[in-house]
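Below are two complexes that have chain A in common, paired first with chain B and then with chain C.
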Partner chain A sequence: MPVVTLRDWIPVALSADLPAATVIPAHTPSGILALWRSANGELATLADRCPHRGMRLSYGFVRGEALSCIYHGWSYGQNGQCRRIPAHPDLTPPAAIKAASYPTEERNGVIWIALGEPKAPPPALEGFKPLRSITLEVDAKLISATGDVRTRLAGVDVLLLIVGISGSETVAHLMVDAAATESDCVTVSRAAEGWRRECEQLGVKELAS
Partner chain B sequence: MTIGHHAMIDQWYPVALASQLPPEGRTTQLMGTAIRVLPGDPVRVVTGDGRDLRVTLRYGHVWTSLGEPSKDLFDIPEADQPGRRLVEVGVVRVRCSPLRAVENFLDIAHFPFVHTDILGAEPHTEVGKYDVEIREKEDEVWATKVQFYQPQAAKSATGGITTDYMYRVPAPTSTVLYKTCPARPGEWDVITLFVQPLTEELCDVWPWMALFDDETALTDLIHFQQMIFLQDRSILENQIPRLLPLDPGREIPTRADLTSVAYRRWLKRHQFTYGAQLVAQ
Partner chain C sequence: MILYDYILSPDAYKVRLMAALTGLKLELWAVDMHPGREHQSEPLLALNPAGSIPILVDGDLILTESAAMLVYLAKLAAPEWLGENDAADAARIQQWLSFSRRLTDHLGGARATEMLVEPGDLPSLQRAGTVDLREVEAALAERRIVGQCFLAADRATIADIACFPYVALAPDGGLSLDPYPSIRLWMRAIRMLPGFIEMPGIHRLHELKPEPVSDMPETV
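Our next item is the complex of A and B:
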């Protein structure tokens, strides 16, 4: 079974699930990060904690090119630097007010985050296209030792990008054969539900094709 | 248990609405200790191991303490002022530190973002200078000359007004807000937040009000206050860490946060650390 990537990059979402001017919680094995796309389409990932009062930034809102905290509206740029404090509109926020930021890349419809500084870009996953993300109530280690599962669902080649987000919860980003038709995709999506249930019920399912 | 926890054990806490005690009593907890609030004359509060705790009835609530309070429950003189409606709002359970619940109540800068179009609205986000002090004689935190623009400051308000506020913290988990009274200029409406610490990261919040408002239906007053607090809850349950950091550096205050800064300093001075995070811990 080919190993697509061993995890300088963590797949966190499909591009289609993050429209412009939106923020979502990105689940990684190290916890939740705030993943957002600006009005112009630029991606960024920040620590999920406003430096002001500790509120989760993934509950915030995106306006223009900034992510704002829902608590007091403090807004942050792509590099995590605080740009504006609404309680003091005339104040230039000190440089010390900054949320940690993480490298974020989008490739072939998948959004990847790096917790370190990877030398290579995330994998292209040629021959596949993104279909959907699935959350499973099961330990990722029971599904895959490598982080990826390549198999067939409903007779179609699929690639599952597996991310353990806790000891009992896993996210799988499902990629299908790039040549799959729309009706294939519907069938695969249904089959993936069955796969999820089997993983959850059995704990582990042998998926090697 | 640390010394700090002992300091808070000798405080009074609300544990029930006196008017709504069921015949079998209210089973609850206080700072991790199981207690039962039993109706009757007098009302009793007993621990799981049968110990009778001290009890006082005030501001509609049953108050108790696991320790030996050296002072009576703090006074709210307005509670006895004729003409006020005393509103028992009920209880809201929040998965947060009791100290975070109080600190949020002391904050006005979140109004436009959390209570949008009710207690605040963009672009009216600026927090002007106000006065904060720890009153040594009363041993209370006070913020005065606080002003903020509000689209609908109270149930009885029909349009936007600049509202004046005073905030007061007379006990580590109780706080009193005085705000412009739309129905009676020159008087202050009193809105309180009495917080029952169930554990360090879980609390029951009992808002209570003493208002000059003869017009608004009681259920509307209660719903208004509950709506406001439920909006706050969505914040309070998502702050990291759950405990309130008392050491500088973990969170970054600005001038708008001076009440919070004074509250944290006062907590630390008294070792009121139940629900607080200290680096030393």
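Our next item is the complex of A and C:
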């Protein structure tokens, strides 16, 4: 069964790594975005730059349904519109104070971001469940031409969603056979460490050649 | 009980944090490490010939290793933090207490070189620090598979406190924590513990307190 991932959508994180009321830096080939989930569970992605002073919003915090900047507490809604400026509590922030926002979808335990406006939803990746995300110090091109790796780790079917985030850094979201047991998952997680070392060795050889 | 303390020392912070989490009162004795180099002065060398901080003194007992201080405080005030249920758990605790020395050497070394401008081979400290961070991440990822979020038991133990500060301060040594989702959630769980205290570079979770409301503008 070939797995087609539409790269209109970039896989950036596993759902389990972003609980309610948290924000994380989402690494994409075009840079870092602030990915957050509100207390009610709403997902949103904003440019990782507070329009006020340029602080990274992914350093901030989520209180209720808003993402707040760690610097001066300016807070933003899911659409990026500034909602509150603590130093000016009576001011309704002007519409121009807005961080860019990006389409964000969650499917089968994987969170996807689009930089454009995709026509189709992200892939379901049926038959797999998410295990963990790892970062490799290697060029993604050396691992996969298509953005995915289908292989077996420790005898279990796995699907790796590969995202090159720079010429020397790659994120891999590791999905395992949906039927894998807890103990299979631990074994695969350990095998993934070895897989990473192998991939990084490829990078070292490439540099040497 | 006197803790010879330095506000920027992650090892001293471990002891302050442990005391805060277990409700123990410490008498803090601020050592003028910088610029006074007081830790190298004769009165402190008499307590600790190695000239390092922290030092914990309780009557006749003098401790100079932070891992031992964590054991002492836990045994005195909160034995549940020792987390020793069976042979494997007891060994896990010892594993992480010893492992925390690697964090001090590598992540602490990178931080001292990068931030405090002490001599050191930054790229090789960072390489070794990355191996350490990956080991912590892999261990925590395994714990999460079985539904737990701490290093050595189904609750926070001295193992977590021993490893937390240098991991949290890794960015001071030029190592981003972005690649480690399980470490991020673990650090959050530790910062949510009742009684948690901060040190410079490790802040509390602002979202745990309600949004401040005031008629007066907040100072910024």
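By definition in this document, the second predicted complex is superposed on the first by the 200 of 209 C-alpha atoms of A that agree within 3 Å, B and C clash if a C-alpha of one lies under 4 Å from a C-alpha of the other, contacts with A are read in each partner's own complex, and residues count from 1 in each chain.
The rule is simple: a residue touches a chain if its C-beta (ideal position, glycine included) is under 8 Å from a C-beta of that chain, and two chains touch if they have at least 3 such contacts.
Every value quoted in this text rests on a predicted model; they were computed, and no experiment measured them.
S.K.: Once the structures are superposed on A, label A:49 by its partner contacts, choosing first (chain B), second (chain C), both or neither.
M.R.: Only chain B; A:49 stays clear of chain C.
S.K.: Applying the document's definition of touch, where does A:97 land relative to chain B and chain C: first, second, both, or neither?
M.R.: Only chain B is touched by A:97; chain C is not.
S.K.: Determine, under the contact definition given at the top, whether A:59 touches first (chain B), second (chain C), both, or neither.
M.R.: Only chain B; A:59 stays clear of chain C.
S.K.: Tell me which of chain B and chain C touches more residues of chain A.
M.R.: C
S.K.: Considering only touches as defined above, state whether A:133 meets chain B (first), chain C (second), both or neither.
M.R.: The answer is second: A:133 touches chain C but not chain B.
S.K.: Applying the document's definition of touch, where does A:25 land relative to chain B and chain C: first, second, both, or neither?
M.R.: second
S.K.: Quick one: is A:87 in contact with chain B, with chain C, with both, or with neither? Answer first, second, both or neither.
M.R.: Both partners, chain B and chain C.
S.K.: A:72 contacts which: chain B (first), chain C (second), both, neither?
M.R.: It touches chain B and chain C both.
S.K.: If I apply the document's touch criterion, which positions on chain A are contacted by chain B in one structure and by chain C in the other?
M.R.: In chain A, positions 68, 70, 72-73, 86-89 sit in both the chain B and chain C interfaces.
S.K.: Mind pulling up the chain A residues that touch chain B in the complex?
M.R.: 48-49, 51-56, 59, 68-73, 85-89, 91, 96-97
S.K.: Enumerate the contact residues on chain A facing chain C in the complex.
M.R.: Within the complex, chain A contacts chain C at residues 13-14, 16-17, 19, 21-22, 24-25, 27, 32, 61-64, 68, 70, 72-73, 86-89, 131-135, 171, 182, 185-186, 189-190, 193.
S.K.: Contact residues on chain C for chain A in the complex?
M.R.: Going through chain C, the ones touching chain A are 134, 137-138, 141-142, 144-146, 178-179, 181-182, 184-185, 188, 205-207, 210-212, 214-215, 217-220.
S.K.: List the residues on chain B that touch chain A in their complex, please.
M.R.: Checking each residue of chain B against chain A gives 107, 109-110, 112-114, 122, 125-127, 234-235, 238-241, 245, 250-256.
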